[in-house]
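There are two complexes below, and they share chain A, which is joined by chain B in the first and by chain C in the second.
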Partner chain A sequence: MAQIDMRNVQKFFGANQVLKDLDLTIEDGEFVVMLGQSGGGKTTALRAIAGLETVTSGQILIDGVEMQDKKAADRDIAFVFQSFSLYPHMTVRENISFPLRAVRMGSADREKAVNEVAEVLQITEHLDNKPSALSGGDMQRVAIGRALVRRPKALLMDEPLGVLDAKLREQMRAEIKRLHIARGSTSVYVTHDQVEAMSLADRIVILHDGVLQQVGAPEEVYLHPTNAFVAKFVGSPVMNIHEAQFSGVNGHSSVHIGGAGTGFHFPEQLINHVRNTGQAVSLGVRPEAVLLSHEPQEGYFPAQTSNIEPLGSHDIVDVLVGETVLRARTESGYIAREGQQVFVNIDPAQAHFFDGATGLNLRGAN
Partner chain B sequence: MPTNNMTRLDPNSQAASRGLSDLSIRNLFIIPTIAFLIIFNIFPLLYSLGYSFTDFRASTNAPAKFVGLQNYRDLLNDPFIWKNFSITAKYVLISVTGQVVVGFGLAMLLNRTIPAKGLITTLLLLPMMLSMAVVGLFWKLLYDPNFGIINYFLGLGKFEWLADPDMALWAIAIVDIWMWSPFVMLLSLAGLSAVPKHLYEAAEIDRAGNIYTFFRITLPLVAPILMIAIIFRTMEAFKTFDLAYVLSSQPTTELIAIRLYKMAFQEWQTGMSSAFAYIVLIMVVAITNIYVKYLNKVKAR
Partner chain C sequence: MAGVQTSAEKWTNRTAIAAVFVALIIMLTPIYWIAATAFKPRNLATTIPPTVVYEPTVAPFVKLFTKRSQLREQPTQEEYDTAPWWEKMVYDGGEKVVRNRKTGEVRSSGYGDRFKNSLIVSVISTILAVGMGTLTAYGFSRFKVAGEDDWLFFILSTRMLPPVVVAIPMFLMYRVVGLNDTHMGLIILYTAFNLSFAVWIMKGFIDEIPREYEEAALVDGYTRIQAFFKVVLPEALTGMAATAVFCFITAWNEYAFALIMTNRNAQTAPPYIPSQVGSGLPDWTVIAAGTFLFLIPVAIFTFLLRNHLLRGMSFGAIRK
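Let's turn to the complex of A and B:
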């Protein structure tokens, strides 16, 4: 178990900078998920921690010891590959015991460790099979078993569920979480799937273009995204973000989107800090903060619905506001058919304003 | 053969418009090959099997007399023939081992990003593109005790590589290794580059050292293709004739192919040499079968 520190890490591939000024501390026993688009630098960061990739400059510390120039073998870190990377010519038992055999552990201790891990991962019955005879989920269990068997300082996982089908992914996700809680190992997990990130992480690290965007607990990242990229990347369906105009004064301020004549009423204190900057500002609001009503209410204005996505537990309804579309989350069947008229409003408390140029979340004084 | 498994001919194709059916196109391709095989392989094979039971001599007009298994009995009881076999076995062992070690070593060296890799590979492949007899002739010059460049560089004075009865077989094997290591290298290179990079990364994470990784990951994964190279080279080395014939005529370098040639075309013992050829054939098939069994075992895992 270990604490991992990345200090001012830079990584270039030729002229292309894939990690920029990366500073990150992963606490002992923590489950950290690195989230981002492909090419965002998250896998490179993970491989740099493991020692599979060198860094151009900066330090990587494991338990306070500088590791950036050490080989992967000297870092005592386990790594689960997206492609599993099981040794195809060895049985499951030989695969799991490989890290122990490689350091010449005695066969009795080895056998004990392998059986224990196999039991935890429920792959005892497969121990004498070749990996090619296993299902995707079992292959991944073997890969995790091989990583855990020598009790490494930290467990790094690079999109370990990427090649599994949806149902298995959900099941393995729960197992990984269970294993983490049981073993308490420091874990770093890379994914592009925000649902995986939200469900597994103690803290989420969001990387985009090699730059760290935000580090925080899942709910913090969801409720208080630092910028428009994080806001759009975390949460499904995606947050509605539209360019906003302001009108009115003295307690009757409105925020307009999509060129609509009518705007949403906002309390002064929520928009004072953004309305007079002279810069372009975007309004961001999650689908659950878009409120619909069949009856006219104070602050609601009429709009047309278009597309409805019935998802069982709830529906996602597209509402035409001016020239843009707001996606709203409603209880299932609330809007009976497309084209139906509703009254729409948004919850100002859950609204975000983003700088049109930088994408930064413009937080109020509150 | 069930014809309904064949790809149907496109009814609009040129061949169809000429009135060729699927069946006739199939025959068009297969019959020449079958005919060739029968005339040049199967027929001589069976004909020589017939000769092996006679005392036929191709140099006389005397009719062949059936002698049963006498030829085989004589050959297998002849200590000189066994000497030929043990020389050949020694030669195959030295030559194939050398080729595998040198060829695989070269492949390991080339299996990384180095400048001018393509050019180096091509140059290394040159020896195996030369004719055996030519290689034999110029190595004879290289080995020459008076002006040969090998003695000059090794500072061996007038050491007689090819005239020395103990050294001559090694000298021939060295030439064979020089010529055919590139073949093993080429196949090994294909095998090595097929080992996924992420397995090496996994091994590094698992704290396996270089030697452990080589014996536990690299070698087992390259083994099937290396085995194919070994099968080819063993069969070739077993029937080596021209190289040894050109380089040396020592009794210690009389490989079975040379003995067979002398028996068939210098002593004109056609019946006896047919029997000899059959013994060699059975041996090669047996040895190859051992390898193939092992290859299938390796491939199964």
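Let's turn to the complex of A and C:
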């Protein structure tokens, strides 16, 4: 088990900079998920930790020892690939014991270690099969087994569930979490799936264009995104973000979106610091903070509904506000049919304001 | 195959199968002809119309391996009776086996040595071409090589002119460095011919092997060369087998350079077989026997590697 430090890590592919001044500390035993779009630099960062990619400058420390110039083999780190990359010409047993043969472990010890890992991952019955005979989930179990068998300092996983179907992904997600809790290995996990990130991570690291956007616990990232990118990336359905105008009517401050004549009422203290900047500002509000009502209420204004997505436990309803659409989360069946009129409001306490130019959250940490 | 076929599709299929049969017959007829002639008595080999039904004999093979001369006078009854069965066959053909005057040993025609030369040169040059080709292809496939495309084009360009064009300069160079009529000389030549082919084919195969396999091995504590041998090579075997078959066939069948560069010591079978046409009246059965035996190693080699070859022929589609 180990602590991993990245200090001012830069990585260029030719003229293209894929990691920009990356500073990150992963604590011993922590489960960190790197989240971002493809091309965001998360896989490169992971491969740099593993030693599969050199860094252009900066330091990578494992347990305080500089590793950036060491070979992958000397870093004592395990890596799980998206494609599993099980060796097709070896049986499952040979695959799992492959890392142990590298360190010339005796065959009795090897057998013991393999059986132990196989039992934990429930793949004992497949030990003598070739990988091609396994299902996707079992293949990934074997890949994880191969990573865990020599008890590495850290376990790195690059979208390990990416090629599995949705149901299996959910099941494997739970297994990975269970395994992490049981073994407490320092784990770094790369994904573009924010649900995976939220459910697995102790801390989420969000990377975009090679720049670290935010590091924090899942709920912190969800509730207090530092910028519009993070806000949009985390959470499903996506946060509603629309350009906002301000007005003051009847002693209320209102925030208008989509050119609508009526705005949402906001307490002065919540918007004072953003309304007078003179900059373009966007309002961000998650679907669960969009409030709908069949009856007119104070602060609600009438709007048309359009598309409804029934999801069983709840519905996602599109509400036309001015020229834009606000997506609202409602209890299922609350809006019976498309085109129905409702009254809409938002919860000011859950609203965010983003700088139109930089995307920074203007509210700061609440 | 689709589960349901319309009658039009059925007829298309039948026509295609018929066409394949016709093609097969056209391809196989010369091979049948060689095999049939190799077992014919000499007087039936060139009859018009061809003799189809006959009593097979191994006399052509006996003649193929022994040095013979025309009988000036018939052997005595005692000589004939004491001769072994194979020598009788030669007597029956109006020839006698030439023996060493001192030891009485039967003198060889030299076909066996030529055959052995063919095997040595083809096998070694195939191993070298496939081995070096695989390593080169791995380098091109996995590492950034400055001017990679140019290098690959250059490697391919060595095949762009007919090899015979350089036969005379090669011959002169070989004479200077003493590689004329040596196994080494032919091995170098054939390896050079096949190498560009091997590099290109193997690059295709190695490109198909996911890099993650080696990366997994690298992370697991292996060096790159260990990763190559333990992970890449087993995955590349199919491609290597397919490449080896092609290289072997090219080297085995090569005629022009073997004819020019060798005469006794390192001569291979292809230039030797037709050289028998010229001495005395051509004995087509002996030539057919020599050719027939010459076909066998390639057939065996291809048969042994057939499983690899079938997958390998799809050039690259080796995963799962």
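Convention: the second predicted complex is superposed on the first by the 360 of 366 C-alpha atoms of A that agree within 3 Å, B and C clash if a C-alpha of one lies under 4 Å from a C-alpha of the other, contacts with A are read in each partner's own complex, and residues count from 1 in each chain.
Heads up, the rule we're going with is that a contact is a pair of C-beta atoms (placed from the backbone, for glycine too) under 8 Å apart; a residue touches a chain by one contact, two chains touch by 3 or more.
If you're wondering where the values come from, they're calculated on a predicted model, not measured in any experiment.
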Query: Taking chain A as the common reference for superposition, should the pair chain B and chain C be classed as clashing or as fitting?
result: clash
Task: Pick one for A:Asn276: touches chain B only (first), chain C only (second), both, or neither.
output: neither
Query: First (chain B), second (chain C), both or neither: which does A:Ser38 touch?
result: neither
Task: Go through the superposed model and pick first if A:Asn16 touches only chain B, second if only chain C, both, or neither.
output: neither
- request: Check the residue A:Ser313 against both partner chains and state whether it touches chain B (first), chain C (second), both, or neither.
  value: neither
- prompt: With the two structures laid over each other on chain A, which partner does A:Lys130 touch: chain B (first), chain C (second), both, or neither?
  reply: first
Statement: chain A residues contacting chain B in one complex and chain C in the other 50-52, 71-73, 77-79, 81, 83, 85, 87-89, 98-99, 102-103, 146, 150
- prompt: What does chain B use to touch chain A in their complex?
  reply: 196, 198-199, 201-209, 212, 216-217, 220-221, 301
Statement: Per the touch rule above, chain A residues touching chain B in the complex are 50-52, 71-73, 76-79, 81, 83, 85, 87-89, 98-99, 101-103, 130, 146, 150
Query: Across the complex, what residues on chain A touch chain C?
result: 50-52, 71-73, 75, 77-79, 81, 83, 85, 87-89, 98-99, 102-103, 132, 146, 150
Chain C - residues contacting chain A, complex: 210, 212-213, 215-223, 226, 230-231, 234-235, 319-320
